[in-house]
Every structure is written in C-alpha cells, then in structure tokens.
Amino acid sequence: MFNTVGIVARLDMQEALNLSLEVTEYLKSRGLNVYLEAELAKRIEAETLSLELREMRTDFIVTIGGDGTILRTCLSLSKPEPPILAVNMGVRGFLAEVTPGNVKQALNKILNGKFIIEEHWKLATFLGKERLPDALNEVFISAGIPVKLFHANIWKNGVRIAECRADGLMVATQVGSTGYSLSAGGPVLDPELEAFVLTPVCPLTVFHPVVFSAKTNLTIEILKPEKALIVIDGHYRKIFDVETRLTIAKSENKTSFIRLKEDFYQRLESRLFFARGEQG
Amino acid sequence: MFNTVGIVARLDMQEALNLSLEVTEYLKSRGLNVYLEAELAKRIEAETLSLELREMRTDFIVTIGGDGTILRTCLSLSKPEPPILAVNMGVRGFLAEVTPGNVKQALNKILNGKFIIEEHWKLATFLGKERLPDALNEVFISAGIPVKLFHANIWKNGVRIAECRADGLMVATQVGSTGYSLSAGGPVLDPELEAFVLTPVCPLTVFHPVVFSAKTNLTIEILKPEKALIVIDGHYRKIFDVETRLTIAKSENKTSFIRLKEDFYQRLESRLFFARGEQG
Amino acid sequence: MFNTVGIVARLDMQEALNLSLEVTEYLKSRGLNVYLEAELAKRIEAETLSLELREMRTDFIVTIGGDGTILRTCLSLSKPEPPILAVNMGVRGFLAEVTPGNVKQALNKILNGKFIIEEHWKLATFLGKERLPDALNEVFISAGIPVKLFHANIWKNGVRIAECRADGLMVATQVGSTGYSLSAGGPVLDPELEAFVLTPVCPLTVFHPVVFSAKTNLTIEILKPEKALIVIDGHYRKIFDVETRLTIAKSENKTSFIRLKEDFYQRLESRLFFARGEQG
Amino acid sequence: MFNTVGIVARLDMQEALNLSLEVTEYLKSRGLNVYLEAELAKRIEAETLSLELREMRTDFIVTIGGDGTILRTCLSLSKPEPPILAVNMGVRGFLAEVTPGNVKQALNKILNGKFIIEEHWKLATFLGKERLPDALNEVFISAGIPVKLFHANIWKNGVRIAECRADGLMVATQVGSTGYSLSAGGPVLDPELEAFVLTPVCPLTVFHPVVFSAKTNLTIEILKPEKALIVIDGHYRKIFDVETRLTIAKSENKTSFIRLKEDFYQRLESRLFFARGEQG
C-alpha cells in the first residue's frame, strides 16, 4: 500500500531529530523508500535521500514535532497533499495523535492497513488576484504593526454585512476552531459541520464571532491603516497595501491525517488542559 | 392569496391592544376574514371572531408586540404553522421587522403579493419518550432551583463527548443564536448555516460553545441535582426527574416569517445596540 | 490556646461523617472540649455535646466537606465568627486547604500554635431596612423565576451609574471572585485588594464587570419583574417585592480561616483545573 | 490663575488644525501666552511661539484630537505634567470631555476658575534598570513579531504567582481599564479604586484577568521567544531581549485633566457605544 514516505521534523528540538532517525531506520527496515525533508537531512546526516517539501509527493508523510511542524508542512506541500501521520513530541499538539512511545506500534498498524483517513478541507485566500497558500487552521489579518487599530468592512457573497474595529480578525476552519480562534473567544466547530468562523481579536466595539457555511465567500475590505499583515497558519506572513481586497473561501484542496481512531473530543480535552500549571 | 388572518398581541401593553384594533379594521376593509386570539378578543371587545392559538389555522398571522409575543405564538400553534408577520412595538424585537408606523403600508404590500417568506427550522425535544413543544430560539436546561450547580454528560449521536458543570446549558437554533445564547457567550450563526449551538451558562470549569451540524442528535444526561428545569423559548417550563434523558434534534416543523426584505445583519445590529443607555 | 472546638460536616457524604468521628476522637484525646453541630450529632451518634450553629461560640471550628459546608456555616454563626479550619473532602473546595489524609498532622501543628489566621471581610446586604446574612462569597440577584429578564438600575454612593438588563447580577467579595463570579466572566481579585466586583450573568446588552473599592455603597433598584430573588453564598434564598431597594456594602464582620500557609494562587490553580474531564 | 498655555493637536486631521488656530486666537484675546507644539506650529503657520512637548511647562495644555493625541502628549511631557484640557474631535475619545462646539464656552468657564482637576496616577515600567516612559493607560508586552506565542512567568512582590501562554499580556491603570484592556476582556475599574489589572490577550490556556492593589510590584519574566515587544500607551514601542525582566509598579507621577464635571460612567457609556454601526 505505502511504498514511499517523507519525514519532516521540528529542527530546534534534539528529541525530534533523534526520533526522525529512529523512524527512518524502522521504515527502511520495513522496505519503504524514505525521503528526509532537505533541512532535516542536513541535521541528522543519515544516508537517506532528501527532498524539498514542495517536491515531497510520497505516499504519506510522517511529521515529528507539534502542530507548528504540521502547519509548516501543509503550507509547502504541492497539491494534492500526501496524507500525514503526526507524531507529537510533547508540545502544543492538538492535531497529532501518536506519541513518541507508541510510534513503532502505530507505524506497524498503519503499514498493515489498520488506519482511517481523516480529511480536512482548507481555506483559499486571494489577495486581489494573487492566490496565497491555503490555510488548514486560520487566516489572520491585522494592522501591519502590533497594537494598532485595524478597521475593516466584511462582505458576504458580495453584500456588506458588518464593520469591525479590532486588533485583528481571523477566519478559522473547523480544525482551526480549536486553535488560535478558541483563544480569541471563538466557538468549537464539530468535525461534521461544514463551516468556518470569523473571530475578532480584541474588538474595540461589540463584535461577536460569526459562523458561516463553508459555501460562503467572505471579503475583507480594509479601511485602515495603510499597511496590513496577513498570517496563514502561523507561518506564512505577508505585508500588503490595504487597497487590495482579501477574499476567503473554501479551497478545493484538503489536508488528510492518518489516524488510528477518531477522537476529536478527546483531543479537545487535552487542548483545553494541556498546561495545568497556568495561572497558579 | 390571503383570505384569513389571525391577530395576536402583547396583552399587557395598551399600544399593542390599540394597534390590534386598527390592524383588524384595516384587514376587514381589505376583505379578509379576521380572527382574534381568544384572550385578545376579550380585551379589545371588537365584534370579531376569536380562536385559541392552537386552532388558528389562518392563511397568516399578525403578531403585535415583541419577540416574546412571537415565541409564545409559535409554541402554541398547530403544525404546520401559518406564516407570521411580526410587528415590533418598540420592545426587544430581533425577530420583528415591521414598526407600528409602517404597518398599513407593509400590509398593503403583502396583500399585493410583494413579500418574501423566511423559513426557520426548529428544534424538537424529547423528554424520554414525551415530545415537548418545538423551539424556535432555544432549549434551556438547568437545576430545578436557581444558583444550583447542574452537572450533565453530553452525548452526540450516541457517543459521550463532554461533561459539563454549569448553572445551565442551552441548545440554540440559528435564529436563537442572536438571543439568549448570545448573552451567554455563544457565537452568531449565519442564516445560511444549517447548525445549532450548545452554549453553557456560567460554566464552573472551561466549557466553550460548540456548533453542531443540524443533522446531529444531542442527548443530555443529567447527573445532578435530582430535579431539573427545562425552558423552551422562554415560555414553556417544566420540572422533570433527572433520570429521564433529554434528546434534542432538528424538528420536521418550521416557523416562517413574512418579510419585506432580507436583513439579518441589519437586525443583528439593532439587537446588539437596542438599548444604548446600558452601563452608563 | 484553643480549649473548645465545634465540628461541622457535610451530612450527605459518609466519608465526611466518618472523618468527623475521627477528628472528634483525636481532639478529645488532645484535651479539647468538642461540640458537634446539632444535625451532625444525630447522624454520627457520638457521646459528644452538640450545639446549633448559631450557638457555636467555640475557640475554633472544623468544617469537613467542601466550600458549601463552609459557606453554610458562616451564614449561620453568631458574630464575631470563630476561626475556621476547613477540611476538603475532595469536592469543589477552593476555600479549604487541609485534605483528609493530613488532617491529624494539621490539627497537631495548629494545637502547637503553628498557623496563620487569614481574615476575609464580608458583604452586608440591606433589603430596605432589613439586614440579611453577610456574604463571604457573593450576593446574587435575579428575577424570581429562572430565564426571565431582570432589569435594574445601579447606584453608587447615591448616584445612578448604570442600567442593566440581564439574567442576574452579583456582587462578589475578593474571596468570592474565584467562585461564581469567575464563572460569570468576572476577574480574579488579588487577596491584598480591598474591593468587590459587580458581575452580570448573561447580560442582554453590553455590561462589563466593574470593580469597586470596598468603601463603596452599591444600591440595586430593580425595575422588572415584580418579584426578585436574592441568593447569598448559594444557601440563603429570599423572594422579595422589587419596590424594596437592596443596598450592599462592606460588613463590619469577618470570616477567618486557620491556615498552615498562604497559598491563594496555588488554590486558584486547583479551582481552575479541579475537573480535568470537562468538554472532552 | 492660568497665564501660559500649550496647544497640541492631531496633525493628520484638518479640522483639528483649524480648531487649534481658533483656540490660539481666543486664548491670546483672553491675555494668555500661547505656545504651539513644534510640529503643529509648522503646519498652521501662526505667528505664535512654539515648544517641543518635553519643554512645555505651561500652566496647562489644550489637546485637540482624540485619546491618541492625549496619550502621545503625556508620554513626552516633562514631570510634573501640566494639567490637560482635552478637546475631542469626534474620534475615539474616552478621555476627552469638551467637544469642538463648546470649546470657547469651556475655556471661558475654566479661565473663570470654574473647573475641577481629575488626577490619574500612572504606571512606572523598568526594563532591567532602565526606566521607560510612564503609562497613563497600559503597558502591553508580546512576542517581538505578531501571532507568535508569548510565554511568561508573573511575579507579585517577589513571589511567582502564575504562568501565562498568550499572544500578549497587558497591565492597565484605572483609566486604561476602559481602553485596550476592556477589548481584551478585562473589567472596568471604578475611579475610586486604587488598582491595576493584568489582562491576557488570546490566552492559549485559561488565564483570567487579575486585579491588583496599586501598591503591588509586578514582574514579568519572559521565557519565550527571544525577542519581546513592549508598547506603552499605544505609542512608545521597544523591542528587547527577553533576558531582561520587566517590573511594573505605581509611578510617583500623575496625569491630571481639567474637567467641567465628573462623569466617568457617562463617558464609559459613550466608550461602549461610540460606533453603533459595528457588526451589521
């Protein structure tokens, strides 16, 4: 079933690099052709082929790190994206299911065909006519410099529906609803709901999160200030002139995860409580 | 098109009673058969036929009051419900569009066929096997006495997904998302989204609002205390033993409004700002 | 130092009754005169003297249960209140420090004079001219029946400062700021701050929590509905006619706790995370 | 009583420049020595003396603009600061009381001695040993680049009390409690309360706003990332290495406003509702 696999890891974490090597050896021993992400290949000096993320068209990909590693990978992969098996190195990891301790067991199950594919649709963003990378979690927009008021009109399918003065504004997918959007006060979206949510950050006046059907086209017309910042999935960043409108809609692309079980609400619990030590 | 009409009004407001009389006379002059809600008939002593709400199977219904009047009407009407033209007497009125000043103009347009029908699906609630009245806005559940902790398990399509300790819990429709649910911290649901939202009131531990597809069956299993209270649309109230589970799902029934234009986001604005005088 | 002690326990919990007996035997063995709360005496059938709470003027009191047991005790004690050593039976217990496992060790330290006294001022409430029991946590006011809009004017030192439409309104002390008020969206007040906080529950229009100096007199003038409910510390309940104004101010009375160490922020952490299992 | 006056205005708003000229002429006609802020002097080309803000030691200062103009002025004035009469040009203006229409009437009253002085204490911030400008509203700290997680320990008077993972963290004064802190979910602090409030922005895990007595010393120890950003009153910005701790405490300096009446709660109302047009 799976013949080729790519390995991506968090580069600033020694345990992730070590585990990459272990996973690589294990997968080779199971007869797979393994490709390391180019930068990772330099760090762990394995005698293994390497590829840039955008060229990684393997049967599946193993990411070793946290949500940041997954989001960075999805942003760069060519479409359609290979499915991802995400290993969580004990950091912020809502999207990952497998832990370092059970990684070989998990790989074994998967190579034996015992897994499910969890598909997530993504958000497409157009800056004027330029298409930006798709978002798995969220598209965030703010003033070009921090702590500067951002003023925008919101249009739904060509009709202006609201005005927003805030620090920033984000549009989050179902998956993203448990991430940054939740921190900003947005609701959780159930996995079976085809929807995205518009959530303000520090609104100056009353502005509640609004949940839209995934069929909706949202346009953000920025009124102030002159330079705005867009951040996609926490990694892709671009400063742009506010004369250009942003349009956000459901993408034709998907990110899929290889899962051993469906467990959205269990992962939600750990997202909410991952750091018990806070405020105390 | 419309031959028969029912009139319902807020009974504790003299202006609403006066307007009921005016509207009755106008509709008679246009050749319609007018029926007053039984209690209203006693108050305004018009020589007009009267009907109980549950027998009001007229071509449409005019409600004169605020959202409370509409919700009370919907709760009692037999199914399928006649469409409602809602006149807002200057009180809390998110659902109503027509004002007393333009009521004849609006009726004239409507009798000439210039209107749109806005349909809203409702929530069905089962207390064990007993079916309770459908909700247009929300189903609210709490301990049987106020300020008493309420502890429940939440099940989605037969799978337990969460536990909640709070003052109360509500399930709100798209329409209801701008009402009580919004006050409790829930999101706004766009009119095109087929969804409902579970919102806690004063949760003791972290519990975020969750938005579910309208196809979902939610079951509330109450663990404590022994007597619980259910309130539907702010009017229907029932105390029940917590051994009985509550099941909430999309109803086959709908409430429809006669509108002159679509204006959800304009009405949302007035909902948010209807009382400027607060906190100041 | 301590010659007499009163014992109060949560009556519906067998472990609390068992521990009461153990604590009683231990304290007798250390030469103290022990008095059981009257109802507790009936349950555990010890050959020990008993007293009603309002007559319990012992050198100190041991409460065995959770915050509910402490709050019920404080509401009934004659003033000045004896200091309280609170044992937490594993339930909601922000105020309690001692656990069943270390209760003898804690009592030993205390009888040897190794303890600190943590004093908390309380809120006095006047319903017209009638003085109600003082609040250690909060005074909560709402409509007489649940899910009914409550409309009130707020006066500060004789000047009307705000209007509020909500499900309810509460005034919480510093101690109470980590309880019900926190669930309703209020801030945490640091133990050194002499202040109380006014927090709305489900406000219909925008109404933010306001923190006042403890020197402030707040008056609540209820405009609607005709019957209102006041709940003090979750236990004292009274329905009243809204013609009577409520005045809330710092009381001359205090509740004091016997503590082995100061640990407000550690207890705050456990308050926030006591139930990991929620929403998951 | 008042012999010298300084004029400061929002420079990018023609109406503010025009009003500056009018106010200058009027104050000269009343016999005062008028000094224009240096940059303003270049724009309106009046034959009037000019001064840099830090040299403006006049008897009082008139600011013409919004809250931004006031905050920029306070940040630069030498200590002790002259009292400020704030004219609001119809923009975001919580701190300003006088409107363009009644400015001459207000000046007349003030020159006749009919006014009150409203004093506000400020926050002092130390970056290691370096003292930064005092804050009238708030001190905000975040990662050096936007949408990057910020991780810090909070110390109160030398004791570590909490840990925070968030987009940012702010400490706001009583005056500032109705500004940015309110947008981030913080409470309103009553003018008579000697306190400041610590409010997180988009906390990753549960972190409630905490209100501290103004006597408290707060230290922020930043753990991640390596570069942090501090913004004081929305205008002073500095990137710093996170090895340096930040200490925040009550300053010995004050900002005072010349007011015709005390009206905190009236201004709060307009702060909350200044822009009716939002979300809809």
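General observations
Lettered A, B, C and D in written order, each chain numbered from 1.
In the analysis below, a contact is a pair of C-beta atoms (placed from the backbone, for glycine too) under 8 Å apart; a residue touches a chain by one contact, two chains touch by 3 or more.
Quantities reported herein were computed from a predicted structural model and do not represent experimental measurements.
Set against the C-alpha centre of chain D, every other chain centre is closer than that of B. Taken over every residue number at the interface, the positions common to chain C and chain D amount to over half, indicating a same-residue contact. Centroids of chain C and chain D (each the mean of its C-alpha atoms) stand 39 Å apart.
Annotation: 45 Å between the Cα-based centres of chain B and chain D. For this pair, chain A with chain D, the centres built from the Cα atoms lie 38 Å apart.
Counting partner chains per residue, chain A has residues 161-162, 188, 206, 208, 210, 265, 272-273, 277-280 touching two or more of them. Of all residues in chain C, those touching chain D in their complex are 156, 161-162, 182, 186-190, 192-195, 197, 206, 208-213, 215-216, 265, 272-273.
Those residues of chain B that touch chain C in the complex are listed here as 92, 140, 142, 145-149, 161-168, 180, 183-185, 201-208, 210, 229, 231, 234, 237, 272-275, 277-280.
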